[in-house]
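Each of the next two complexes has subunit A plus one more chain, namely subunit B in the first and subunit C in the second.
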Partner chain A sequence: MSGLIQIIGNDGGTWLAADGPEAGIVFSSRVRLARNLVSMLFASKAAPGEQKTVVAAVKSGVQKCPSLGQLAFIDFSRLNKREKRFLMEGYCISREMAAGDGKRAVFLSPDRELSIMINEEDHIRVQSILPGFQLREAWQRTNTVDDELGERMDFAFSDKWGFLTACPTNVGTGLRASVMVHLPGLIMTREIASAVQTVSRLRCTVRGIHGEGTDITGDFFQISNQATLGQDEEGLVGNVQRIASELVAQEKRARGVLLERHKMQVEDRVGRALGILGRARMLGLEETMSLLSALRLGVCLGLVSRYPITLINQLMIQVQPAHLELSSGREIEPGTLDGVRADVVQEALARR
Partner chain B sequence: MSGLIQIIGNDGGTWLAADGPEAGIVFSSRVRLARNLVSMLFASKAAPGEQKTVVAAVKSGVQKCPSLGQLAFIDFSRLNKREKRFLMEGYCISREMAAGDGKRAVFLSPDRELSIMINEEDHIRVQSILPGFQLREAWQRTNTVDDELGERMDFAFSDKWGFLTACPTNVGTGLRASVMVHLPGLIMTREIASAVQTVSRLRCTVRGIHGEGTDITGDFFQISNQATLGQDEEGLVGNVQRIASELVAQEKRARGVLLERHKMQVEDRVGRALGILGRARMLGLEETMSLLSALRLGVCLGLVSRYPITLINQLMIQVQPAHLELSSGREIEPGTLDGVRADVVQEALARR
Partner chain C sequence: MLCQICKINEATVRYTEIINNSVTEVHLCENCAQFDEKTASEDFPLQSLFTMQDEQAETSTVTETEAAQECPSCGVAFGDIVSHGRLGCAECYTVFADKIEALIEKVHGAGQHVGKIPSAKGEGLRARSELLSYRSQLRKAIESENYEEAARLRDLIRGIEQRMVEQ
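This part shows the complex of A and B:
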């Protein structure tokens, strides 16, 4: 068994086991803060020795914080590619963190709601992720951790610019607030393009489920603030909160229209998804995400009552390749991954 | 309720309720003989009055044959378009018979295995259709009927050419022997093109399920003799029999290869078909035929044990548009036909 699985388990993240406010439309809310230690080179410029010093300094700082005693320390030099991907698939770390090199580590809370990445792009990235629409709560958590850490280490800060970061797009607050929304209704009513356009005009960005440069999969969109400068943290979080609320309202309207005018088409899509998920012997990742999206819509609209939304949320993570491999406890040949995925889906659906 | 349904019922043809030899691959075997009355114009050249005379003459002749007393007489002037299509969908009459104009009628046996069309392209077309691979039996039946009719009326016959027919491609024996085969294996192993080429070289034609000019649907192919001249009836039937036997052997080999080397792919196709057939709320005709084809393959390969092959054969007829309308006993709006089809499929599948 993977050492990582021994540390954090393979249930796909306990925060996924609960639903939150507006769970039918909002998958998760996330806030991350970028911080760097004063008088140290940024991670990408630092030699391995200096990177190690950063890891040691942050590790020592975190371990001194009374509220962070529960966090597990995971040294990336002891993880293989698959284990890093596993953490990324479960939203414990960023895609950049999973893909990059260098001396890296992450602190992770047992419920996986809180993580502190060390030597990602910045020395420190504090992330809080929560199920459903809980953006302010996520912000409060990162803020508390930031305060605690700030008492124990010196962050690079300029009176003119605010917090200094490796990439200028993060300078200032270093804050990225994002909400992952499920918008099958706006897609089916063909209103999604104008909705996305509106979001972009309001200083927010729309991305795929794993952030910048990733595809929109299964009708999921990540909405986050464009700028980190020029507004305080409350303002930035509030803006994303407002825009996400508006999208939630639009999606609700769209779903209402679907139920009223195209109920049979929706039932057809949901029924086919359930039929294929339950009977296919091989399921590709992209197809599975699209089918789970349809099933999720069916659950939210009350067309399918057998499955709770949290089961589908967990499945969305469990069908990812590294989760399939680490959960099965064995190396899976590329040609047979789709078969293993179908088995996992069918076992989960049959259990209820 | 339609008058036609009152006469012949709506169970899709009783011959479909039985399977025959090689039922896993051969859907049906059919022989038809074209005959014309001497000294009468061919149907397409005849005025309505003369067409009527032909109907009366054939009707009187058939009714004098002791073995044909059970046949129902159906006057086409009393059928609407939908009822004609219903007969065509159930293989009781040809596509040309359903589509054409003029004074027409058909005699039909209660089990729908025997039909005598009047004023199709020729004055008389005797057809025998049987489930599975029973081409010689079908030939014997048409031959017996031909003998009986020949004793009671004069057929146009030339010593040089044999039986005279409206279209020169039928002159001679007036015989068309055809076998409808289900070849999903040869399609999945990509051997179908060369198999079809071989058939064509051996003086046989490959057509869709409703004969000339119709599409190949659901992996079903109709194999029939090209020429009706130059060989006696036994020889013509024997040739189609041999070629169909060879195709059956090839399809068996292909299915063996699939099971041995691509079992999971086949199970996937069959499972998905079952999942969609069982859960979709709307099913188009072409998609349904393709899904039923996959399910039929699954039944034949022992991957699905719940459904007998005859259920699937009957469904292939029952999902056709005129069958859906006449069975439901009401006019179905075009936009809702796919929904009715899904209901019919699911009711049939749930019954077992």
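This part shows the complex of A and C:
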């Protein structure tokens, strides 16, 4: 069994077992803060020896924090590529953290809602993630952890530029707030472009993510702040909150339109998704994500009552490649991954 | 459709980025997507901003002398910073202040931090801003002949000044 699984278990983290506010449209809310220690080179420029020092310093700092006793420490030199990908698929670490090399580590809470990355692009990246629309809550948690760490460590900071980060695009608050939303309604009514353009302001970005196997696909979008300097943290979080709320409202309206005027088409799409997910012997990642997206819509519109949304949310992560490979507990023959995926999907759907 | 970065492989990853009303579609192959900062991290890549700085000019805005300038603390050259999109250490912010200032203004639309200050460092900064606030309150108290309040504020001010001296 993978060493990582031994530390953190196999369930994808309990944070996805709950659904959170606006669960039908909002998949997750996340806030991260970037910090660096004074007098140490930033992670990408530091030699391995210095990177190790940073890991040790942060580790010791975290272990002194009374409220962070539950966090598991994961040394990246012990992880293989698949295990790092596993963490990234579950949103515990960023893609940059999984892809990069150098001396890295992460502290992870049992429910996976809190992670403290060490030597990502910056020395420290504190991240809170929560299901549904809970952006302010995620901010409060991250902020509290940052306060605790700040009392025990010296962060690089200037009066003018705020918290100093490796990339000037993060300088100031070092804060990135993001909300992941599911917008199949706006896509099916072909209003997505105008909806997004209407809400794109306040120096925030709305990213639609497609592509083969690289990330969540299937009608998902991520809203995050682009600017990190010039406003205080609450203001920045508020901007993302506002824009996400508007998109949620738009999506609700679009879904209403779908039910009123295009019910047959929606039912057809959902029905086909159920059919393929339930019967196919091989399921590719991109197709699966698209089908799960349709199923998710069906559940939220009340067309499908058998499956709770949390099941689908969790499936979206469980069908990712590293999750399939590590959960099965054995080596998967190349070329059979799609078959394993079909089994996993059908097992999850049959359990209901 | 070919990958926009390597122009060799077929683009299998595409995403739409909409920032402040301008829409861009980006097409990448699986390989380049792994290393492209937009898909690799959620952060906005720095390199494109240096070129964005001067859209009218046909040549890069960074001269050779500028690119060669090094940070005494970490040894990183400004040219490296532009090509990798990252600074080497906190000192770089001071060393390359003028060049970075314009860039920061462009990305954030601002040039002054107004958010939280670190708990540890807070001491000095907080003390200074407290002093400013108390002093102005003291002036107002004296003007309105509220001498009890003035005395209270005066004692607070003395306490902070004393602590600052001791540090």
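Throughout what follows, the second predicted complex is superposed on the first by the 341 of 352 C-alpha atoms of A that agree within 3 Å, B and C clash if a C-alpha of one lies under 4 Å from a C-alpha of the other, contacts with A are read in each partner's own complex, and residues count from 1 in each chain.
Heads up, the rule we're going with is that contacts are C-beta pairs under 8 Å (C-beta built on N, C-alpha and C of every residue); 3 or more make two chains touch, one makes a residue touch a chain.
This is a predicted model, so every value here is computed, not measured.
Between subunit B and subunit C, C touches the greater number of residues of subunit A. When the two complexes are overlaid on their common chain A, residue A:E333 makes contact with neither subunit B nor subunit C. In the superposed pair of complexes, A:M282 makes contact with subunit B only, with no contact to subunit C. Judged by the touch definition given at the top, the superposed model places A:E260 against neither subunit B nor subunit C.
In the superposition on chain A, A:R272 makes contact with subunit B only, while subunit C stays out of contact range. In the superposition on chain A, no residue of subunit A contacts both subunit B and subunit C.
Across the interface of their complex, subunit C is touched by residues 36, 38-42, 44-45, 94-96, 99, 121, 143, 147, 150-164, 166-173, 175-176, 178, 193, 196-197, 200-201, 203, 205-215, 222, 224, 226-233, 236 of subunit A. Across the interface of their complex, subunit A is touched by residues 12-21, 23, 30, 33-35, 39-46, 49, 74, 76, 84-90, 93-94, 100, 103-104, 107-121, 125 of subunit C. The touching residues of subunit B, counted against subunit A in their complex, run 264-265, 267-268, 271-272, 274-282, 339, 342.
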